[in-house]
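A, B, C and D are the chain letters, set down in written order, and residue numbers restart from 1 in every chain.
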Amino acid sequence: MMKNEKMQIMSVNSVALDTIEMVLKNSYISQTAVPGQFLHVGVDGHTLRRPISIADVNKQEESVTILFKIIGSGTRHLSSYQAGMILNVLGPNGNGFPIQDDATVLLIGGGIGVPPLYNLGKTLAERGTKIISILGFQTADSVFYEQKFRNLGETYIVTNDGTYGYEGYVTDVLELTDDFDRYYSCGPVPMLEAITAALKHKQGFISLEERMGCGVGACFACVIPTDTQGGYKKICKDGPVFSAQEVML
Amino acid sequence: MMKNEKMQIMSVNSVALDTIEMVLKNSYISQTAVPGQFLHVGVDGHTLRRPISIADVNKQEESVTILFKIIGSGTRHLSSYQAGMILNVLGPNGNGFPIQDDATVLLIGGGIGVPPLYNLGKTLAERGTKIISILGFQTADSVFYEQKFRNLGETYIVTNDGTYGYEGYVTDVLELTDDFDRYYSCGPVPMLEAITAALKHKQGFISLEERMGCGVGACFACVIPTDTQGGYKKICKDGPVFSAQEVML
Amino acid sequence: MTNLAVNLPGLQLKNPVMPASGCFGFGREYSEFYDLGKLGAVIMKAATGSERFGNHVPRVAETSSGMLNAIGLQNPGVEKIIETEVPFLADYDTKLIANVAGSTIEEYELVAKTFNQTNQVHALELNISCPNVKEGGSQFGTDPFMAAKVTERVKQANNLPVYVKLSPNVSDIITMAKAVEAAGADGLSMINTLAGMQIHLPSKRPLLANKTGGLSGPAVKPIAIRMIYEVKQHVSIPIIGMGGISNAEDVLEFLLAGANAVAVGTANFQNPFICPEIIDELPGVLNKYGFGSVQDAVGKGIVE
Amino acid sequence: MTNLAVNLPGLQLKNPVMPASGCFGFGREYSEFYDLGKLGAVIMKAATGSERFGNHVPRVAETSSGMLNAIGLQNPGVEKIIETEVPFLADYDTKLIANVAGSTIEEYELVAKTFNQTNQVHALELNISCPNVKEGGSQFGTDPFMAAKVTERVKQANNLPVYVKLSPNVSDIITMAKAVEAAGADGLSMINTLAGMQIHLPSKRPLLANKTGGLSGPAVKPIAIRMIYEVKQHVSIPIIGMGGISNAEDVLEFLLAGANAVAVGTANFQNPFICPEIIDELPGVLNKYGFGSVQDAVGKGIVE
């Protein structure tokens, strides 16, 4: 169950271009969060909270890691926060990725969609699932968490401009890895569209983003249609993770 | 001439109930400010700057002292600033007290109107003028700078509730001190009205407050009538110090 | 003891604070944070005759001290709301206000009638001011003749007290208020959102899929206060005030301007506990400024 | 080289940025901060036929992301302005726009004529939208018939291009804009302030002596953007856009919405260098979003 919690910032690190890793201390969220859930983070001077995925959890140390990209004024301001300061957070929000006992899974992350997959991969790896990861970034400067994913298993890095790893899009390297039971993906909508089309024959789960008001399911800001008959889901409450067939991108 | 300056906060001290003393480092303002001028202080998250009088100046150390009372959200936020932080300030603003070579002057300050009189008293004392001060406060908790004024000369403290010094209003102790050439006063309007009425026969200068927009003379927010024919002065630019006969309170 | 109770047509409120329509859904989500029985009342999300999907996303944008929304009245339709949402809310020790919307007078009538039959709703808020739908909403909200007509027809169609929710997007709010009062409104609810827009620089187009949206939050508070202050002097029906409230001082400002009770919208998104926190702080704020009850403060800021 | 130049009736501007009327006096104070020759133009404080003292103090209040003002058109009168202020401003390498106000059509005509005779003023901004005076101002600004009439008469009375400054306190801004365009306006200036109020809790009365005041600053930007976006699609005369601009991104947002040039008001109070800073940053911002000139961006945010 989501709660309104105070989280103390333990560390703030820049891990790639405009990409910040923040480790936050909180007992309740660290013990209850599952991969794919997000935090709804209050930022001083901003009307709306900012949804940020949980990228890692350390139950022993009662810490939660988030990674965010500086996009606009909210994330810019958040990036100026320093260790010791307190974040006001709603969390853990939404429904995470379903955890199954597959032999092999494929993780496909694009840019700042990569973070929730790390928490997922780590959790699945601990349960003995073999992890294959394809991570796409714009350019070499933006790559992060490569080694962490390599520690979980086979990892392909793709950059759009070819400055690091394979050149192109994550879909370009999909063919290198056909041997998996299920895929999990998070990233920009065009990437998700390409992936769900390319992997139609596979079971998959995708994590979606949308601009949010309440972040708890009350305001109808973040709906996604599930069919052409007016069916819909709320990304903040019913998602952000959906089965690839469940929603209309 | 007023400039837009950055001032580093050297210290922040609470000197009385809800009353903060801040020492600010700045070369330009410390060298050019005269008693009675004010700073127009930017406060994060606030549309308008806050006018605060210069309470003291140390030319050697290039520092400027301000004292402010926590009234609303701007001064509350300002009171949370810590040493090392930078204030964005316009200053020195307005015209200060005229400095004359009098034998004896009377300073009459009410509450948070006391600070500019300290800078004035110090300056005049250094020139050999005898200083008599009457300082009024609401209650014992609010009294500040008593010793500093005593160091300049004879000082009477008045509290409205009699919890410290004389009981009543500053006008109640005016009779104790008739032997002065000129008076200078700053405080709430009702106090200034009472003083200018009681000391009609004396030459005096008063410092006024009004809600300000620009603080530089451009917006006509802070006018005060000088007669009943539509004459007026701008407090931010022509004041805040006026001769007691010049304006209509 | 500071008396927070407020007596309005159909609404004996234990305190004057309620979540604003559309910012609280049907209460379920916030019921996980606190007991909804603490609230003076709950105003439900707008209901229309049948299910509405609303506008495309993005539906919200952030602005300086405010936000834009263009939800477009998404809701499951009045029947479904009565079936699945009203019973849940009726279990709480609070009053229930249904926000009634539609594209035609007939739809407003239908929705009002349907709520009337439940016996679980205590009052209606007639939403003639939603800026985010093509038909209905705003056109009723900016024309005094149309506003009066829909008010009159809804009053005839049901027995519940009707609070007409006024749009601030008008040249003359007093005329609107007087028109609906004359048409039988039991109270006013004001203000709804101001029509606004944000352009997204990277895509070089309006950020909201609906292009325009309704501005709410602290940014609009001075406009709400002004309109309530003006209207209060020209009507004798009570006013539920809203627009940018985010603390108990704001509530007192609305009471002084002439509101009899208040609703809190956007602030719920920043702080899900905002309503109960305001309720807890209100007695202290009233006392600080010399009031022994909510009732004492109403309209006390009005000077001739 | 990014081209910042803008060509409007009577105004060959080197860049599209000017201080807004009433927020810059007659330029003297800000001339101590920087060379006014950097500005695209200067819009002077409102001028009336004879001297006006304006409203009682307090005249300003702070609001969330904005402020209220009720200066009440204080000014020394058109003659005095021409005598003492215009020559000072005319010495700078910038364009000069006079903001014309009045209580009657005759007063507007008189002020316009008097400025026309100077040959030092390049355009008039017809202020039919000041919410802070009892007569004139707002009543011309909310009635399309009156707005058209005063525009027509002022056009007849002088040869300068006339930019009519629209009030946002209307139900239908498009009708207002079309009415003044049909009456001969050479351009529009929008938006003026929104009528608002703040109640001062300690004194339990409206904070401003005038009770209501005009809301400006970032809080109102979404309303300004929406109105310009809507109006742009219905008029062919250029628009000087304003309302909450505080950086170069905001300027681009106004251009995309349909403004041809912009004015910066309230932001001068926080940062006296805001206008030259925006002018310096504008080329970078235009380039970042793919524009080679100001002209390129105008109206590009409008989608069908």
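The working rule: contacts are C-beta pairs under 8 Å (C-beta built on N, C-alpha and C of every residue); 3 or more make two chains touch, one makes a residue touch a chain.
A quick note: this is a predicted structure, and the numbers were derived from the prediction, not measured.
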item	value
Maximum centroid distance from subunit B, chain identifier (CA atoms)	A
Chain pair with the most C-beta contacts	C-D
Whole-Å gap separating subunit C and subunit D, where each centre is the average of the chain's CA atoms	34
Subunit A and subunit B, separation of their C-alpha mean positions in angstrom	56
Distance between the centres, which are taken as Cα means, of subunit D and subunit A, whole angstrom	46
Where subunit D touches two or more other chains, by residue	63, 65-66, 217-218
Subunit B, residues touching no fewer than two other chains	none
Residue ranges of subunit D touching subunit C (in the complex, touch as defined)	63-66, 68, 142, 169-172, 194-199, 201-202, 204-206, 211-213, 215, 217-223, 225-226, 229, 244, 249, 252-253, 256-257, 289, 300-301, 303
Complex contact set, residues of subunit D against subunit B	22-25, 28-30, 32-33, 45, 51, 53-54, 57-63, 65-67, 69, 71, 74-75, 217-218, 266, 268-273
Contact set on subunit A toward subunit C in their complex	1-2, 4, 42, 46-49, 74, 90, 210-225, 230, 232, 237
